[in-house]
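Down below are the structures I want you to see.
Two complexes are shown next, each including subunit A; its partner changes from subunit B in the first to subunit C in the second.
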Partner chain A sequence: MLVTSYFLICLVVEMRILNNIRNKQKIKFLDEWETLLFSYLENTGLPDELVNKIPRRKYKYLLGYLGEILLTLKGKDFDKLAALITSTKLSGYLLAKLKSNSKRNIVFSSFFVGLAKIEKAKPILQMKVKKHNDQIFFSCSTALARINSYESLDLILTEFKRYRHYGYLLLILTEFDEKICDKIIEMMKTELPDQFIVTFIRVLRYYKYQKGGQTALTVLVYSYSKEILIESLKFIEEIKYKNAIPAVSKLLEHSKPEIRSQAIKTIMKLDSKAYEDKVYSRLFDNNYEVQYQAAFAILNCCDDGEEKLSELAYDLQNSNAAAVSRMLISEKKVKEG
Partner chain B sequence: MEPILPRILLAEDNEVVQRIIIHKLQKENFSVTCLSTGEKIVETVNSLRPVLIILDLLLPIKNGLIVLNELKSNPALSGIPVIIFTTDNNEVMLNTAMKSGAVDYILKPFSPDELIAKIKHYSKLTPLK
Partner chain C sequence: MIIFRYMTFLYNYLLLIYSIAIGTIYLLLNILSFKRIIQYKQKMAYVDLKKIFKFQNYKPISIIVPAYNEENTIVQSIKSLLQLEYPEYQLIIVNDGSTDGTLEKMFTHFSIRQVSFIPLYKLDSMPVKSVYMSSLYPSLVVIDKANGGKADATNAGINIAKNPLITVIDADSILERDCLLKIVRPFMENEDIIAVGGTIRVANGCEIIQGNIVKIGIAKSWLARFQTVEYLRAFLFGRNGFDVLNSVMIISGAFSCFSRDALIKIGGYRKGSIGEDMEIIVRMHEEFRIENPETKITFIPDPVCWTEAPERLKILRSQRIRWQKGTIDSIRLHLKMLLNTKFGALGLIAFPYYVIFEIVGPIIEVSGYFVFVFAYIFNIVSTPFAIAFLSVVIIYGVVLSILSVILEELSFKKYPNIKDLFILFAAAVFENFGYRQIIAWWRFKATIDYISGKRSWGKMEKKGFN
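What follows is the complex of A and B.
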């Protein structure tokens, strides 16, 4: 026990010392080279001239700096800094690392080739995606997405079936630019597993892709899956797709309370006036969440919402609806001070 | 005698982003003070009286929305324009910030040129060249 504790303490101390050394080296590097990087940004010098001055053993500091900065910049400064990777020997350095069999090297280099959009990396990344390793798959797929390699989409989706972390798939797909939405809409015309459809609709919602409205409406009419219906409703609400109003209104009577709740939220965003009465009737639903959503929508979207809820607030025959109404009116008054 | 440069307060926790913004603003003849947490922003604004504040919403210790509300509820500081600077493309959070008195926002990834243009506009200054 004592020996284990001793070794653990040594390990922690060693890690802290190493971390301090690395931080000092990074700061020293920045002090030495940042001025050059900034003057390069101000249109003096070519990418090669700068990178050639930096010793190869310091590339990792340069890349670490560029990585952080490329993630937060766009516009001409991004292009200039990306050129330090794409138009210099750094690109060869990264491609060599990407070709290696080391997981660490592949993950490291795929991050930078993706950020800097090195087209030449595409065939290597496509090969690595098939490696049957989750970290390599996610880093290389993300890189392909950042390069906007639409031709790799089928490959990514096929290989993804091995991993099934749909949250990650969403992250990968949203790294493509907005044009991915057209590809997704095309794919949604074919038969797909439910989780793929849910993820695809989330991508359309992320981009607020107006042209996806008709696809979401078709899904809304023909799907039986709770998750798909809820995602379609959220997307339709987000893009305010009015053509879907009749289909959404039908879902106010759906057998699943989660869908009725979401349908209330959506319909009130699309056309609160026309569906006020229908939503009001949901105050007497047999599910509390639906009642709450209906009361919330009435209070916030109708001109006389507060009056309507006040009338109901002490109705003994509808105790649940009365309780929800009292609660929301009281919350509103607290908020208004 | 050196001219007194208009001061910008930058509240941003990423050191690399801080360094590039400082460089860009200094080139435009602004003086910049940086803070990496939300803890002492109000005190610093009180003592330095910057012409403008760039405020990240996701700051450690005290988040940007709380700081913004504190600034706007202080009559002596409420007139200082605040530009929200965030990675969070969350409309609700941004709307809350705008309703709380921020003049504008910049989403990361950002273009330094756009940031500078907004700073110049809201600080109503023609930088001294």
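What follows is the complex of A and C.
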């Protein structure tokens, strides 16, 4: 055991030393190349001229640097920097790595081919998505989404069933452009598991996709799932879809407090005046969260909200409603100085 | 005489078996933890936390900070806590009857004004004198109350906490900026989760500016270095390993996050409890897992809270005695969970582990050292046995400590300086010669004190960060 520990220590220290050396090399490389990159962005030189000067073993430093910038850029500068990958030897370098069997190479290269939107990578990425490995699935699906490969959507969703981590699916789907919303609305006309519906509605909400209102309303009327109802309410609130008001108002009386609470938030954003009294009655709900949302909505959305809550705040018979009202009024007064 | 020699001989073999058993359990926990941390790291590598929080699926948090005589650090602590990355949180400072200028400092620096508040819940606590809110920072609430201890102060904080998640932290703890985003994720992913704990690390040796860690380093004193390795072992291995079995029995009071409804349902923290942070977790298991066997209390290795480790033996002794008494107290109060199949691995593995190795363990270990020396001097055990015994005791200890440092290096790499890594490895070896035995002795003493009825908490002094 001691011998094994000794070897493990040596290994870890060696890894750390190598890591430090690589970091130093990277910093040195970036010091030298940063100026060149900026002058390239200012229209001096062709992508090839710049990349040809870099030895192959240092490609990863350049890519690492480009990756961080490309993630945040859009427009002309993005195209110009992406050209450093798409119109140079770097593209061949990445495609070769993508074709390899090494998980590390696939994950590394798929990130850049997706970011630079290299169309040629699509067939390889589609093959790799089927690899039965969650890391490869996630990175290749994300790359396909960044390339907006809608023809791969079915494949991604089919393969996703193996992993069932809906947080990942959400991240993948939001990498597609806004057109994904039409596809989603189409898919929502078919029968789907609840978690898929929740994820799809979240994507619609991410894009604030107005045309999705009717779909969300249909879901709101026919679904019994707590998660689906809450997500639909949030989406309807986000896009202010007024046609949903009658359906939302019915949920103010729902048996689950989480739904009542979300329904209050949504209805007050859609039409606070007409439902003031109904929301006020929720101040006497048996659930704190519902009471809090009702008080918050009344205070912030009704003209005489503060007066109404002040009356209640000192009516100690309704102590819970009074406590919540008093807390919110105090907060408001302190905020207003 | 022969019977005595025979008994001593047998006891030594029992000790050897005990040492092998505990070492093997730790090794198994190590394997489970290795796997889990690697999975966790891979999972987090994909996740863009800020993007996820854009979807507004987060739950707002109320952070409760009980503070007693913290005038030297309270202002910096609050400023640092107000800078945490989280979309919506309320910060509640509970001044637990401080006798120094803690409250006055808050008046001066945060323009707090008295407001009219009625408690939202009815958890038991000492009377609240006043509630204040800051006009500079609307999310800051200060409660001034009569002294009642940490559990009592936390209950007072819960009573006015408006958000569905509650995080409890120590006033002198330093949280990493994104730790709330990480600690809340389990609640977002699984509705059955009622409490989540994060990793505590030793801040001694780190550079701290205005309540934030700006440079991570290793403490200068060996006592703090040993504790650094000890914390790595306890958090990266111990708790992660038990978490795989859904048997986390303790979440550090320095940084924990709870579902407010769960806290209210069990009546909050138990007043007068010695180890309130362990007791509440064990009670939560007992209350909720019968009702819903899917209930989970979990631990995640990533959200990090930095704390000051004692650098004086006297203070360390008082801390460890308190921890040991707290463990025994929590186990005693919920002893009916022992070997109870209703609690799954918790009742069948974690609870017996705590009874055998954490409560009875120090007695066996300390008495074992004496009996072993006695037996060796009087030739009751042979030299090969003595070598085997010492090898098992020392080598297991060294290997386990080294493994924890290796795991830290392979996963989080918090210590950027390679010199610090060597120091950690050295501390992992040296702590087995003297430090471990001293800790065992204090735990032994605490166990004996507890059994004989001396159950006071002891006093914990802190030097405070520079």
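The rule we apply is simple: the second predicted complex is superposed on the first by the 319 of 337 C-alpha atoms of A that agree within 3 Å, B and C clash if a C-alpha of one lies under 4 Å from a C-alpha of the other, contacts with A are read in each partner's own complex, and residues count from 1 in each chain.
By our rule, a residue touches a chain if its C-beta (ideal position, glycine included) is under 8 Å from a C-beta of that chain, and two chains touch if they have at least 3 such contacts.
Quick caveat: nothing in here was measured; it's all calculated off a predicted structure.
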Partner touching more residues of subunit A, subunit B vs subunit C, is chain C
Could you look at A:192 and tell me whether it touches subunit B, subunit C, both or neither (first, second, both, neither)?
neither
Ask   = Touch check for A:65: first (subunit B), second (subunit C), both, or neither?
value = first
Kindly classify A:319 by the partners it touches after superposition: subunit B alone (first), subunit C alone (second), both, or neither?
second
Between subunit B and subunit C, whom does A:95 touch in the aligned arrangement: first, second, both, or neither?
neither
**OP:** Classify the contacts of A:75 with the two partner chains as first (subunit B alone), second (subunit C alone), both, or neither.
**Re:** first
For this session: Could you tell me if A:245 is touching subunit B, subunit C, both of them or neither one (first, second, both, neither)?
Result: neither
With both complexes overlaid on chain A, does A:38 touch subunit B (first), subunit C (second), both or neither? first
Shared subunit A footprint, subunit B vs subunit C, residue numbers none
Within the complex, subunit A is touched by subunit B residues 14, 16-17, 19-20, 23, 27, 87, 108-114
So, in the complex, the side of subunit C touching subunit A is made of residues 42-43, 45-48, 51-52, 54-57, 113, 115-120, 133-135, 138, 160, 162, 164, 189, 395-396, 398-399, 402-403, 406, 409-410, 418, 421-422, 425
Per the touch rule above, subunit A residues touching subunit B in the complex are 30, 34, 38, 42, 65, 68-69, 71-78
In the complex, the residues of subunit A that touch subunit C are 1-2, 4-5, 8-9, 12-13, 15-17, 20, 134-135, 138-139, 165, 167-168, 170-171, 174, 202, 205-206, 234, 288-289, 292, 313, 319-320, 322-324, 326-327, 330-331, 333-335, 337
